[in-house]
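There are structures below to look over.
First chain A sits with chain B, and in the next complex the same chain sits with chain C.
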Partner chain A sequence: MTIFLASVGFGLLTAAVLAIAAVGFTLQFAVTNVLNLAFAAIMTAGAFTAYGINQLGVSVWVGLPVAMVACAALSVALNLLVYAPFQRRGSAPITIVIVSLGMALIIEFGTQAVVGGISVSYKMSQGHTYKLGGLVLTTVQLAIIAISVVVMVAAYLTLRYTKLGKSMRATSANRQLARNCGIRTGRVITTTWALTGALGGLAGTVYAIDIGSFGPTSTDLFVVLILAAVFLGGPGHAYGAMLGALLIGVATEVSAAYIVPSYKYVIAFVVLLAMLAVRPTGLLGART
Partner chain B sequence: MTYLITLLVYAAVDAIACLGLSLQFGVAGVTNFGFIIFQAAGAYIAAILALPPQSANGAFQHYIGGWNLPFPLPWLGAAAAGAILALPFTFLVGRRLRGDFAAVGLLVTAVLLNLLVMNYVPLFNGDAGVAIVPAPLQSQVMTTTTTGYQWGFAIGVVVLLAAVFWLVRRLTESPFGRSLRAMRDNDKIADSLGKNLLQLRTGMLVLGGAIAGLSGGVLVSFISVWSPAAWTYAETIVLFAAVIIGGRGNHVGAVLGAIIVPVGFEESTRLITNANPSLPPNLLPSLQWVAIGLLIALFLWFRPQGVLPERKRVMAVPEPAAGAAADGPLLVRQRTPPSGSPAERDTILQAIDVSRDFGGVRAVSGVSLSVARGTMTGLIGPNGAGKSTLLAVLAGTDRASSGTVRYEGQDVTGLPAYRRARLGLVRTFQLASEFKRLTVMENLLSAAPGNRGDTMRGALAGRRYWRNDEQATVGRAADILHRFGLADLANSYAGDLSGGQRRLVEIMRALMTDPAMLLLDEPMAGVHPELAHRIGEMLTQLSRDGLTVLMVEHELAIMDEFCDPVIVMADGSVLAQGTMAQLRERAEVVEAYLVG
Partner chain C sequence: MLAEGRAGNSVMTFRRSGRWLAAIGAVALAATLAACGSSSSSGGVPSGQSIVFADVAPFSGPDAALGPTYLVSCDGTTAAINKAGGVLGHKVSCTTADTRGDPADAIPAVGSLLARTHNLELVIGCTSDEAAAVAPVINSHKTVMFCMTGQSEFDHKHFDYFYRLVPPDLAESYAMTVIAQQLGYKKIALAFGNDIGSQTFVQPAESAIAKAGMTVVANETLDLNATTFRTEAEKIVQAHPDAIMTEALGSADATLFSEIKQLNGGQVIPIIGTSAAISPAFFTSAAAAVGASDFANNFHADNLVTATSGPAYQAFTQSLLAVKGKVSGAQTGDFSTYFTAPGAVHLYDGMNLAALSMIAAGSTDVAKWKPFLTSIGDGVPGAVTVNSFAQGVAELKAGKKIRYVGPGGPTSFDSFHDSPGIFQVDTYTAAGVVTVSGNISAAQLRAVSG
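Entry: the complex of A and B
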């Protein structure tokens, strides 16, 4: 029972990190219509931006917002310089996916060329360890969960109540129609790249904090979890991604407690393939 | 010398793999981001077939099998392994799943399988991988380090490359290859013309897998080791880069790409490292990946067709035989109407209470209608009335949420579009739907059913096996081209034509399927009025020959002139049916059309 509860605690932590990444990825896809496989590479870039600042002797909690800004900029640049031109030319979706893989290589291995192939860690204190009815979590881990909850609530409020959120939803549903209704879709899309890029930077940094020791290719496997969460909820559905992240996060960590930990990704993988095979629109997606 | 031989073998192995990918991705448009796992499967299987049991050599490594089989069984096993591994993935490449989602599924599979093989030692010795894999004929030749043996190996691999090249070329340059390229350019249209996408893609996954597996088997018997580090997911991207740079759909380009990208990059990295030993060990390999990412993006932007673009298949267009009636029947197949009551014989297509929902929106709502044989029936209605959706449900490119579709007395509600097309029920699309990188002639040929060369087996049997069918098909296509006045454009890429010409291509292509009934979605939209009129006359003549047409059209003048009866739809339901003259008398129709 203790093992189970402890693994649920880890699961919530993984779910918290995963939810930030999955919501970022799925919103990006919904609004911009780019299946951006470089998202995880942007997470890596964010984690290492925070690392660079941390190396200067500054707290990683200061590095975190800097990483978010940097990733927002990187994400916007990626769209303006690469994806948007390809989309304007009318390239097939699969061409843009291939380009995004190329971008993933450039960012990920560009980072590796700068920092080297070794794994690094932030200099930070984990804080107290709290035992909450069987769940064992440190201050830092609780902070990550709190950040994630704040992000989820903010995402919900933005999508539900703000003009930006409504414009994003309209652009996602039908870009042409949204434009005809007077929504400045170009601006909405650029804003989306910035916001989801910032989410990527945030996710990358808290992921790096969570796993402790990280390298330029550390997010390669995390992509499996992100995609599983996104497809479980339905690609393009923000709330679906939240639900997916929660289910996948807890399921992988709980299964890790009972089978060999290195196989914990298998459950996410099986979920992903099953969703692709049976219901590619996800649990919350419309049945076509 | 050894260096040259090694280079030659690497180049040949990469070229074999790239040919597999060139067929899969370049010709058939199946984007397999997990391509490398098929090479890996071949390598491991070849290794454990050739190796002695794991207890040999002091049992320093663990693996299953260890059958100690003689050459060439390990290589054959490698190809078989790649082919068999492809089977579980066929569920990803059917009609339902978007190509990019399927690609992502395969990419994730590659990442995960690598992790599993790395962690599960009993299978293939985990992270360390299998080592000292015997070379072909090692026990016979005693030593495999002599230059003679090495040369023999290299030549053998080059011969194998030639054989694979011959194979993929034979498939590509056949009616079967044409179907693959049609599917690549527009899979939905290929489906509506009677191509079985699942079967075609499964064939490509299996064959591409076999070729990748073979390349892995050859490689492992040359380098004698194989571990997870050799087949990370990113290696697939290298092969994609090679095919994109070399030229998608051009097999010579694929070989060239294999020499430029994997071999060229490996070697230049190695040479620079040797010249500058002081560089950080990770710098150049990292930059090599960056360069590959850059190359992919730059090529896709500046030269998407690659260094050697896909060849244009120019064909001679036979002149119509002198004295042959230029207005003889265009339809070849005589269809016997099903027996039954006279009403059943007269009705070719019937919708019974058909509905189609999208989320909460009911696009088609309880539509019942029947189309009489040999008529040109019109379907009109305001925008959003559900005309195109109804057409899609009738053709099977979309499925009905409820209700029944009967065609020739048979319930076809559950049949996919390609099966209905094979029964003679063929649709065209509202949006441009030509196969862009096929010539006009090829667009027509791709739709012809029953060509003996239009199966993998038929294509492999060679040109002699299908030449007669092809000739007959070309003759028929030429006949149609002459009648529509497009013979001069037969060898132009369909993607280069004007909008009106593309509509013609689409109608001609639909006729090539030898349909009993055509479902046309705004065939005259955007077409010059004179040309529209000619299309109308063509269709009228065809309906006199027995063809039934159901046509969505906004231009009421066209309806007036050619269609009888005309069905009016509004808000997803059938409002009225009759001649245009009758319909004009009815207030609710005028209202729906003018106000709705």
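Entry: the complex of A and C
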């Protein structure tokens, strides 16, 4: 029972980090129509940006917003210089996916060329450890969960009540119609790249804080988890991504407690496949 | 629409035929290039051209620290060889092939290496991650390889061109068990990566631990690409082990140590690592994750006995120091760690053996120089012991037979070209300097072997 509760707690923590990344990824996909597999590489770039700040003797919590800004800029640049030209030429979606895969490798290996093949850690304290039943979480881990909750609420409020959020939803639903209604879709798309890039930087930094030791290839598998969470929730659905992240996060950790741990992601994907067999469009996707 | 589609398809079919022809042409060209590349192994290196040693190892992926470690050795050794006049008038240079630590990536990487590299005389590296996949390919190319793999399949599978100066993994499992015995531990947790190279330790470790009268209280397989190991760490902490035996390279071990420390009330559980943990990258990662002092106070690893003084050690360290700060990917941590890193030491010896063999044979034709590897390594009656390439060249020029004894100690090749050494116990200081804290005798290893 203790290990079960512990694994549920760890699952919530994994879900918290995953949810930030998954919401960023799915919003990006929904509005820009780019399935950007380089998202996790941008997370890595964010984590190392914060690391660079941290190495100067500055708190990683100060490095975090810097990483968000850097990743927002990187994300916008990625669209302007790479994806948008391909889209203008009418490249098929699968072509863009392959291009994004290439960009992921370029960013990942570029980071590795700069920082080397070693793993690094932030200089920071994990704070006090809190134990409740089987749950074991540190102050920093609780802070990560809190950040994730704030991001989720902010995403909800933005999409629901702000002009930008409504424009994003309209652009996502029908870009041509949105443009005809006077929405400056180009600006919305650029803003979306910036916002989701910032979410990538945030996700990358809290991910690196969470795992304790990270390297240029640390997000290799994480992008698969992001995809799983997004498709479990229903691609393009921010709330679905949150729910998907929660299920994937808890499923991986609980399965690690009771089966061979190296199969924990296999179990998570069995859950995903079973869910998609019942609801092919995802948990919150439109019924077919 | 359908008719248009069909018409379009016919055009596409025609175009695709053209592409197929182009693709077939490209494959044929690649095969021709590969054949050209392979000619160097059998015919020797033309005068005026350089001899090439290739570092085939992971330069990216979880084991990305291994390739640069070997490259330090390659660049340092070849620089020393060139400084001593080269090999039969040829300069020696190093090239690399990134296997990413994955057989699927290693095969095309080695294929490309063999196709593009003229005058390839020696391959070094080939770790357990990829050795099983690439060794047959390199062997069929008739290129000598010194591999850093402990995989047991090479104990009984013969490849003419395969050599290794490291012990089988099961011997390392026994050595780790002896360390646990020496330190008085009774309850052991196993935490090994899910890669081929790490998993080969598990079964021998389990049997050795049982034979030594100790107990395995937890056995966690770590997915090297996983994001965290919190649940695995919690299971280990709840099992209350006296020590953890582990090999999970990349960021995995560092993450695991960090999470165990956090879940264990800030206390690091003693760690027993493999010789792969003796590297600047490993120390840097682990020390950053749990604190240098905590890590140094709780870490032991088995390692092959290597010289720490004497002429062989002096020549070796001078060679490596000549490339300090110049090797991409190897600019982190305490550089002196390379002086005891198994890859750096034993591959240095392998490269010197190969270079001296060519000079002894008076040829860069592999068929002629390969037999000298064992005679120069193991020695023949009347041979003069030499401790460096330069010394070996001088003695060969004087018409003497030589036995090369480098910093890795004397070799003793068996019929499978394996030359396993003897073990010592290594620790780190908080500054990352490797120190020898004990020895492991052959009798101690036999006592726990299955």
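Everything below uses one rule, namely that the second predicted complex is superposed on the first by the 275 of 288 C-alpha atoms of A that agree within 3 Å, B and C clash if a C-alpha of one lies under 4 Å from a C-alpha of the other, contacts with A are read in each partner's own complex, and residues count from 1 in each chain.
The rule is short, and it goes like this: a contact is a pair of C-beta atoms (placed from the backbone, for glycine too) under 8 Å apart; a residue touches a chain by one contact, two chains touch by 3 or more.
Because the structure is a prediction, the values reported are computed rather than measured.
Of the two partner chains, both chain B and chain C are touched by A:Y265. Of the two partner chains, chain C is the only one that A:I211 touches; chain B does not reach it. In the superposition on chain A, A:Q55 makes contact with neither chain B nor chain C. Once the two complexes are overlaid on the shared chain, A:V136 sits against chain C while remaining clear of chain B. In the superposition on chain A, contact of A:S119 is made with chain C only, not with chain B. When the two structures are aligned on the shared chain, A:M103 is found in touch with chain B, with no touch to chain C.
After overlaying the two complexes on the shared chain, residue contacts for A:S7 are found with chain C alone; chain B is out of touch.
In the superposition on chain A, A:A256 makes contact with chain C only, while chain B stays out of contact range.
In the superposed pair of complexes, A:V82 makes contact with chain B only, with no contact to chain C. Residue overlap on chain A between its contacts with chain B in one complex and with chain C in the other: 109, 112-113, 116-117, 216, 220-221, 260, 262, 265.
Across the complex, chain B meets chain A through its residues 31, 33, 91-92, 96-105, 107-109, 111-112, 115-116, 119, 233-234, 237, 240-241, 244, 280-283, 286-290, 292-297, 300-301, 304, 358-359.
Across the complex, chain A is touched by residues 59-62, 64-65, 67-68, 194, 220-223, 225-232, 234-235, 238, 250-251, 254-255, 258-259, 262-263, 265-266, 281, 284-285, 288-289, 328-333 of chain C. Interface of chain A with chain B (complex): residues 35, 37, 82, 85-86, 91, 93-95, 97-99, 101-106, 108-110, 112-113, 116-117, 216, 220-221, 223-224, 227, 231, 235, 260, 262-263, 265-266, 269, 272-273, 276-277, 280, 286, 288.
On chain A, the positions that touch chain C within their shared complex are 2-3, 6-7, 10, 13-14, 17, 109, 112-113, 116-121, 126, 129, 136, 138, 207, 210-218, 220-222, 225, 253-254, 256-257, 260-262, 264-265.
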